[in-house]
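Got a structure for you, written out below as structure tokens; questions coming shortly.
Chain naming follows the written order as A, B and C, and within any one chain the residues start at number 1.
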Amino acid sequence: MNMMSDDGWVTEDGRTIGGVMLDLKNITLRFGGVVAIKDISFNIRQGEIRAIIGPNGAGKSSMLNVISGFYRPQEGEVWFEGQKRREIQPYEVARKGIARTFQNIALFEGMSVLGNIMTGRLTHMKAGLAAQALWWGKAQKEETKNREFVEHIIDFLEIQSIRKTPVGRLPYGLKKRVELARALAAEPKLLLLDEPMAGMNVEEKEDMCRFILDVNDEFGTTIALIEHDMGVVMDLSDRVVVMDYGKKIGDGTPDEIRNNQEVIDAYLGVAHD
Amino acid sequence: MFYREAGDIKTSYVADSQTFPIAFDRIGYLCVIAVAFGVLPFIIGPYWANAVFVPFLIYAIAAIGLNILTGYCGQVSLGTGGFMAVGAYACYKLMTGFPDLNIIFVILLAGGITAAVGTAFGLPSLRIKGFYLAVATLAAQFFLVWLFNKVPWFYNNSASGQISAPERSVFGVAVTGPNVEAWAKYLICLGFLFVLAWMARNLTRGSLGRSWMAIRDMDIAAEIIGVNPLRAKLTAFAVSSFFIGIAGALFFSVYLGAAEAGEAFGINKSFLVLFMIIIGGLGSIFGSLAGAAFLVLLPVLLKNTFVGLLGWPTDLTAHLELMVVGGLILTFLIAEPHGLAQLWRVAKEKLRLWPFPH
Amino acid sequence: MPESLLYGTEVVLNGLMAGVLYALVALGFVLIYKASGIFNYAQGVLSLFAAMTLVGIMNGQIPFAHLINAALGTEIHHFGWHINALVAILLTMVVMVGVAWCVQRFVFRHLIGQEPIILFMATIGLAYFLEGLGDIMWGSDIKKLDVGLPQGGSLWIEENTQWLGFGNENFYGFFLDRLDLIATVIAALLVIALVAVSQYTKHGRAMRAVADDHQAALSVGISLNFIWVFVWSIAGFVALVAGIIWGAKSGVQFSLSLIALKALPVLMLGGFTSIPGAIIGGLIIGVGEKLFEFTVGPLVGGATENWFAYVLALIFLVFRPQGLMGEKIIERV
């Protein structure tokens, strides 16, 4: 293991991990009387694959929702790229370069695969109402340019053949892949994946793992993911955060987590006498 | 062979995203346009113009407008009648206030005014969803109609409370007023429909259209991936109201000639246009046209059959019409929620593979 | 007491009585909505249909006479008998249960699991269908409905409230319509009965279970079909009562179906899922629109009752989207 410094380090497989990109400081999130997240702090570094794990109901998805701006924490600060984030709408968070997929697939069922992925590209499209209505120069040029980028993503994720299929007709595994494509189309700096491999068979999981690694490698995208499959988590991620009942109980490299007594207790249960 | 896409290979993204990707469709579409502009104006008589074509063209514009809001953006509105009234009264005030302004501009401006009003009534959509919003749009319907009935300024203090269109012409041909030829009425409505349908098509295939559909299909996910819900919903309300306002202006100035808000633009108008897009197909421009044609033709057909052929009383036929329309709505919602447009698509897909079943 | 305050009080009292009727109609909506997620736009037409059927049965009209005459060239119209109002009401109720069954069997059974907005549009279609059906069955002329409810102002109240004017010659006591008073009592009783049925009976509990999660309800052995027919029948019953009251007041005609439009803002205000919300919402709107018409109405040309309720509900919803008493909406992804 290389030395870990504040400015980053180089991993065993030769990828460079940079400085802190997203820093969460003392986040507390409550729904009425229920405390979903209790005073959690951790950071995500440039270029790394960061896993968030924990038993069901630990508050992992809520954490992603805080990062993507959908939930507003009652306490705590979110720092992104060295700046404290003021309270902004989710779509503004997306424009700052944070894209995500959802635990229960949230594709636009009334549109084709291409339409869905193009929608992910909306943050890059600026043509005005009149130009679009008349299909004038800018609108058409913009459409073509972005279509080229989207086709690149389609090639990358190997979904050329279903380009024009309505997403409602796709099987589960492909839907997950299309959702990833939609998130990638935004060219995010930080990609949040909420259980990208849930409900998949081994083969599909392997494909998805490969895509995640490739995305990180080729686009240099920082990735934070929630996953239940420990094998996958340990193999993929550079660092892991463990949550239980809304609290952070562990944070470190996969090896450190594997040997963390509190984490083992949370997963295996511990006898109270 | 005909109706095949084999061999019709697209070499650019522009060609791939065109409106009619299949050559056969393109030719068919051009033929329809040619007949509509080149043949029909010469043979159309007053009966066909007034009973079928002019109302069809105007309702088609309104239906496209409502379809943009409801079919594409998922915001159900029951205020169509009220917004048509805004278009009509704006048109009337502009016609009488600026007699020298060309009627084309008057109608476009009326659309613009309606867009502004529609956007204002669309503001609650940011907080209210689903049928809460549908019911809230009824507020627009009732308030606007009441306003046009009660404030004499809107009808220039006329004794009857009605508004009536003075004569205006385009290129020296009268299109409003008492002395309009059937073909002139037909042609101006057709012109508006043609341009507006083309614009609607462009909007719905571009980035704005995708943001509408994203909001429709899953508003929360759309917001998280970067769709600004405020912009998406308000543009949908604005564009939709623009279309509906133009439809209202044409309905009053070209079709009716004289109108009274409660009678011409009551809540039944709202439902009629909603029914057109349900039967025609939500989220489809073609469906809007098909639905408008269907519901304009249906009463004509029923009337000709039952009153003309069988000699039944008119009121009985009118009641029968209510039942048939209601029954059709239920049938379509149960059996084919995407309406005539989907039936058409399925037929085309079958045709593409014909004579092989799969 | 000053005159304006007295008239104001009278307006409030009348508003409260109208409000109870709104609440009654709104309750019909809430029950169906709670049990099936259907927002029933046809509730008003259901009232019209019920009132028409009642008049038809009482007068011994032959159903579809108009249609039969046109198709077969006959000239039938009446059976030639008159039926006692109470019996007729019972018979009408049987018809309404039949309608409920048909609506469930032929329409909503095929729409289970659809989005709420599709169901809403289906009820608009249903409203058209029922309106047409009612007209064809019984004719669309304005009918008088007389089931023996008293009419006209209540002299007793007028005489006994005159002293409130303290010698003011222009004040003759409160003018309250006796029909309105009776209607208020009936509506209030019905509201209590409905709340009791839904809270304390077996079917009421099953109804609420279905509302919460119809699949879970199915899994514990509740018959969905039965519950839905049951609920639509209750809605039919509420519609019948509202139809009788409204019909006795201003005749049975198309405008009767518009009471549904009055109940919609009540629901928006009160929250679609709350029975107390419907009651309070009804009262607020009843009083509010009468007061608004009384104070602001004359300044703007009157007839503000057409839209006041809607605008009030709209403004209110912008600040509290779930209504006065609706369940708070927590959005999740």
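Keep in mind that, in the parts below, contacts are C-beta pairs under 8 Å (C-beta built on N, C-alpha and C of every residue); 3 or more make two chains touch, one makes a residue touch a chain.
In this text the structure is predicted, and so the values were computed from the model without any measurement.
Of all chains, the one whose CA centroid is most distant from that of chain A is C.
Per-pair tallies of C-beta contacts place B-C first.
Inter-chain centre distance (chain A to chain C, centres taken as mean C-alpha positions): 51 Å.
Averaged Cα coordinates give chain B a centre that lies 33 Å from the centre of chain C. Put simply, the C-alpha centre of chain A and that of chain B have 42 angstrom between them. Within chain B, contacts with two or more other chains are made by residues 220-221, 224.
Within chain C, contacts with two or more other chains are made by residues 333.
In chain A, 70, 102, 106 are the positions where the chain touches two or more neighbouring chains simultaneously.
If you check the complex, the residues on chain B that touch chain C are 76, 123-124, 127-132, 134-136, 138-139, 142-143, 145-146, 149-151, 220-221, 224, 267, 271, 274-275, 278, 310-313, 315-316, 319-330, 333-334, 337.
Listing the residues of chain C that touch chain B in their complex gives 39, 66-67, 70-71, 107, 110-111, 114, 116-118, 120-122, 124-133, 135-136, 140, 261, 264-265, 267-268, 272, 300-304, 306-307, 310-311, 313-314, 317-318, 321, 331, 333.
Considering their complex, residues 12-14, 17, 199, 202-203, 206-208, 210-211, 213-214, 216-218, 220-229, 235, 239, 283 of chain B touch chain A. Chain contact summary for the complex, chain A toward chain B: residues 68-70, 89-91, 93-95, 99-100, 102, 106-111, 115, 118-123, 125, 127, 129, 132-135, 139-140, 142-144, 147-148, 151, 182-183, 186.
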